[in-house]
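Below you'll find the structures, each written out as structure tokens.
Both of the next two complexes hold subunit A, though its partner changes from subunit B to subunit C.
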Partner chain A sequence: MTTDVQTLTVVGTETSRTRRHIISVVSHVLLVGASILMLYPLLWMLASTFRPENEIFSSSSLWPSSFSIDSYIRGWNGLRVSFGTFFLNSFVIAILCVAGNVLACSMTAFAFARLKFRGRNFWFALMLMTLMLPYHVTLIPQYVLFLNLGWVNTFLPLIVPKFLASDAFFIFLMVQFFRGIPRELDEAAMMDGCSAWRIYWKVMMPLSLPVLATAAIFTFIWTWDDFLGPLIYLNEMRQYTVQLGLRTFVDSTGESDFGGMLAMSVLTIVPVFLFFLFFQRLLIEGIATTGMKR
Partner chain B sequence: MTARSMETGVSAAGRAVGTQGVWARIWQQDGPGYLFLLPWFIGFFGLTVGPMLTSLYLSFTNFDLLTTPDWIGASNYVRMFTADPKFAAAMRVTFFFVLFSVPLKLAFALGVAMLLNRGLKGLPLYRAIFYLPSLIGASVAIAILWRQLFSGDGLVNQFLANFGIDGPSWISNPRYSLWTLIILSIWQFGSPMIIFLAGLRQIPQDMYEAASLDGASKWRQFWKITLPLLTPVVFFNAIVQTIEAFKSFTPAFVISGGTGQPINSTLFYTLYLYQEAFGFFRMGYASALAWFLLVMIAAFTAFSFLTSKYWVHYDD
Partner chain C sequence: MAASVELRKIVKSYGDLEVVHGVDLTIEPGEFVVFVGPSGCGKSTLLRMIAGLEPITGGELLIEGERINEVPAAKRGIAMVFQSYALYPHMSVYQNLAFGLETAKMPKPEIRAKVQKAAQILRIEPLLDRKPKQLSGGQRQRVAIGRAITREPRIFLFDEPLSNLDAELRVQMRVEIAKLHNDLGNTMIYVTHDQVEAMTMADKIVVLSAGNIEQAGAPLDLYNKPANLFVAGFIGSPKMNFFDASVDAVDPAGAKLGIAGGTLAFNRSVSAGKGDKLTFGVRPEHIGITEGSGVPMANVKVDLVENLGGQTLLYTTAPDGSGLTIVLEGQRDIALGSTVTAHIDPAKCHVFGADGNVA
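And now, the complex of A and B:
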């Protein structure tokens, strides 16, 4: 789109056109080179998982000489508990976190963006301040709290905070989106006697699917990749997430079973990669818009 | 303020029930807002404010999770600054990491964003390729990959061997180990790049055309138009990336096996905090570390905002 405008406006002399052509070729060469450099490690990892074990260290090519899925089979059962359990745990935690974040953050954002009540600006300012807060400063007392509640070694410390709108980032994201929805819509509903809850649920939510989807996908990916939370709260191997499982794999068999370790690494990336493949636009727009807000 | 009644009609409804007393009116006006905020309030006080104050208190105690904490005054902080070589090492490592990874990452992000913004064909594809590492970079899997890439017989050394260079084991050499983590951070330049791209798009093209007509070189246009107009985005990216860099944990943990070795060369601040809290259960000392981290981040943020009026250009 912008290409056409730019090229049209600079219909200059012949030399400047050649010059532009050269610059464009050079740019493409640079970008292709950078792309290869960026992707090579990932592709190499993928290729290595299909190689026989003894070939992994000796080959830097991206095409295995022979295909075998032994690494995946060995890796899947490489620990006392199979990776199937870790995947199941990670999915359960991630999906519940998504539900919590989408529900609680949107309720909070709705109150800040649309409802009128005393002290709103004050609480909103406090909420914004928590955006910058490093979680380390609450980590230890939270741990003590969850320990006293008997929640250590359960998924609860990882999930419950999401239902309490603890991710200020998503509240902020949703407030920005809600503010862009025309007020006439909820005013009309208000005139018709709709309660705040009905306006939230029947008017705002259906209109906010893009931002809800963005929040859901980011929550899924960040929960999936979270390492410190599970590391602190989950001690039983049966409850491990994929990240903890991988790390245990490295510590116990990593040096001896390289193929298995890389194969499991690839598998843990697959769900995130699928989100990337199918929802790339939403993710990129989500990032671009948060960055543009002052 | 005057828009309140018009905006929600709540006051009109409030007037209707006025006879039921002042409480009913307050409920009518403020009730829904506070009800919607209820989950957030529980979280805010129960999981943020309460724990913050608790950890501030704990930082002045010798809490070890098992026995009741004893008040020991500021001795945790005194020990931190005077008698803890590991703390000093963690500070050095973290600051080195922040100072090199953030500017390099942002420079890369801006450079590639400017290349992409020239209206090249295939922009969505390039953007996607460059963004992918940011999305998966924080995972354990990538840390494992990195450990392999930079190990003694890893991919990097295999590549260098083609030129007859016999590379060291980058991961286990204290001179290079931190650099492998800095490279890992730069590799994830995609998300600031996307924000830069969005910012570049907002710069009006006619400014460049006017500048070209006046004979300004591309170099001059970059310094006089692009960069000044982009400073709000640079500002945002710099703050976000710096805070992220301060909080970086997983790569260092996985690559060093949770130790911060060799010779504490990858002992990130957060890794040291984790060791103290959950390795040695010195929760009081770890709380002091956490509060000092908060102070550093707050000081950095405040400093950025205070100086921003001298270098961040807002067009209004």
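And now, the complex of A and C:
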């Protein structure tokens, strides 16, 4: 009797193990398939940069018939201005925007989260309401403003607003994060003689690396990828960002250089990828409450 | 370094809600004062007002005779140890201890010397390079105290500093804080809801309830002569037994009280007339069950016996149905359901009038 029960248990265990195995294989096949589907355009773009120009749109294969880096050389030097200039412009704008957004938004968020001032809730609600405004609604008034300031055809309209805490989304994100940092830390710092500024700089900022990294990553990606802003405010080719530079390869009146465009597109992705790789480790570093007992 | 603290009619309101109602208190230099009371009684609010973390709505706060209501927290010469430790998680222990001194722009060699001295006092020298997350609860608490010591304050404030520690560590830290007070001699104000901490550490206990001081005095004064029902019930563990009582007869030599279905000849007069309703209180440790332990009060039925080794606790029921807790010294073999006669020493009993104050 006991042997029968044991045999049944062993058979049952083996059946369920086989079933789990099959489910695991099927789900992995599905996941790999979905990944290929997602990655295919990127891989196709990468493969196309090594193909001869005439093969680009005639083959959907991910393996070029012959390898050549001509597209990269042509793309880098093929325009009136070297693509390196566009990279430099994009870097300058993106890095300044990151610095501006992180500093200005965190200062504003600190004020909303920690300081007491008249009308704080009203201003916070007003700030949140700006989230509902589509970018395109404010586009023309902003353009007129910057035109009157004489800033059109400079980087200033793309950079200066970031130093004025214009990104309500990040302010909101940081306010929520700061509210999660125990208030006793501020109070301990107050007892230690800190001013509001020193509490912000010495206590809140180091404890807010995850949210600051989030703001930095997204600001960098959004600024780097921004096409509309530079298109509106930058007119001279020497001031173009990479996104405008890529657009220049496609000429509706003459011959387009798709090979060069795809090659430069691949290079354009690299900084975003590296930036994310560098900052993402900060996203998971949650250290805010490790000195507290809760 | 010790300083006196004086609270004159201190009031705290949040909008229309008044939570501290005109508190008057004088703390002598070097005194160890414990604010004790149930949750929501205003003890932490009072401490935070002294610290400068809460604005004072009304009244005056004086340190060394100087009004400091509007003086910022950092300039009051006060250091505070928080319930949650509030160590800066991103700084090492050394940096935590040095932070206040760096903020005060003290020269680095001086900072190093002060930090080393504090670390030596609290025996945390090997921990100076660690981050708070690498410390145990007790070590964090030491660092929090160390951070207060380095600033060499006139007054130390402790806001329930031991409530997050386990029972053993709590006793250990309690002793260490008491020693620290003896060594440093600073004025210390300590908030707790644990009356054992209050009794063991304080020079003066301030019992608070609903934003008022119920009684302030030396621990044994509060234990022996509680001013009212609240203090009598709050100080002492297990808490005092209370009975409804009536004055059966008034005599210059004493009064006869009807208690728990019996009559007790009280050997002192009470400020009440015949027939008045009173509350009679007796501490569990002041009740005996043998004839030599006082005058008989009532025959009580034993419902539960707790043998603690050094003491035996009896939970009993009096003839009128009221509960009576008795603490006996040593180990006793008393059967459940048996009847014993509770004897009390009238000199150690307390009588409270209808207003809750001593009658």
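Here is the rule we go by: the second predicted complex is superposed on the first by the 244 of 294 C-alpha atoms of A that agree within 3 Å, B and C clash if a C-alpha of one lies under 4 Å from a C-alpha of the other, contacts with A are read in each partner's own complex, and residues count from 1 in each chain.
Keep this in mind: a residue touches a chain if its C-beta (ideal position, glycine included) is under 8 Å from a C-beta of that chain, and two chains touch if they have at least 3 such contacts.
Predicted model, so just to flag it, every value in this text is computed and none were measured.
By the touch criterion defined above, A:M174 reaches neither subunit B nor subunit C.
In the superposed model, A:L234 lies in contact with neither subunit B nor subunit C.
In the superposition on chain A, A:A94 makes contact with neither subunit B nor subunit C. After overlaying the two complexes on the shared chain, residue contacts for A:P182 are found with subunit C alone; subunit B is out of touch.
Once the two complexes are laid over each other on the shared chain, residue contacts for A:R118 go to subunit B alone; subunit C is not touched. Residue contacts after overlaying the shared chain place A:M190 against subunit B and subunit C alike.
Looking at the shared chain after the overlay, A:L207 reaches subunit C, while subunit B stays out of its contact range. Between subunit B and subunit C, B touches the greater number of residues of subunit A.
Within the superposed three-chain model, A:P134 lies in touch with subunit B and out of touch with subunit C [touch as defined at top]. Applying the stated contact rule after C-alpha superposition, one finds that A:A263 touches neither subunit B nor subunit C. The interface of subunit A with subunit B overlaps its interface with subunit C at residues 187, 190-191, 287-289, 291-292, 294. Interface residues of subunit B facing subunit A in the complex, by the touch rule stated above, are 4, 7-10, 29-37, 39-40, 42-44, 46-48, 50-52, 54-55, 58, 65, 112, 115-116, 118-122, 126-133, 135-136, 138-142, 144-149, 153, 155, 158-159, 187, 191-192, 194-195, 197-199, 201-202, 205, 209, 232-233, 236-237, 243, 246-247, 249-250, 253-254, 257, 270, 273-274, 277-278, 283, 286-287, 289-291, 293-294, 297-298, 301, 314.
If you check the complex, the residues on subunit A that touch subunit B are 2-3, 5-7, 9, 23-24, 27-28, 30-31, 34-35, 38-39, 41-42, 44-45, 57, 60, 104, 107-108, 110-111, 115-118, 120, 123, 126-127, 130, 132-145, 147, 161, 163-166, 171, 183, 187, 190-191, 195-197, 200, 221, 224-225, 227-228, 232, 243, 246-247, 250-251, 254, 258, 261-262, 264-266, 268-269, 272-273, 276, 280, 283-284, 287-289, 291-292, 294.
Interface residues of subunit A, counted against subunit C in their complex, comprise 182, 184-185, 187-194, 198, 202-203, 206-207, 287-294. Touching subunit A in their complex are the following residues of subunit C: 51-53, 72-75, 78-80, 82-90, 96, 99-100, 103-104, 131-133, 137, 140, 147, 151, 164.
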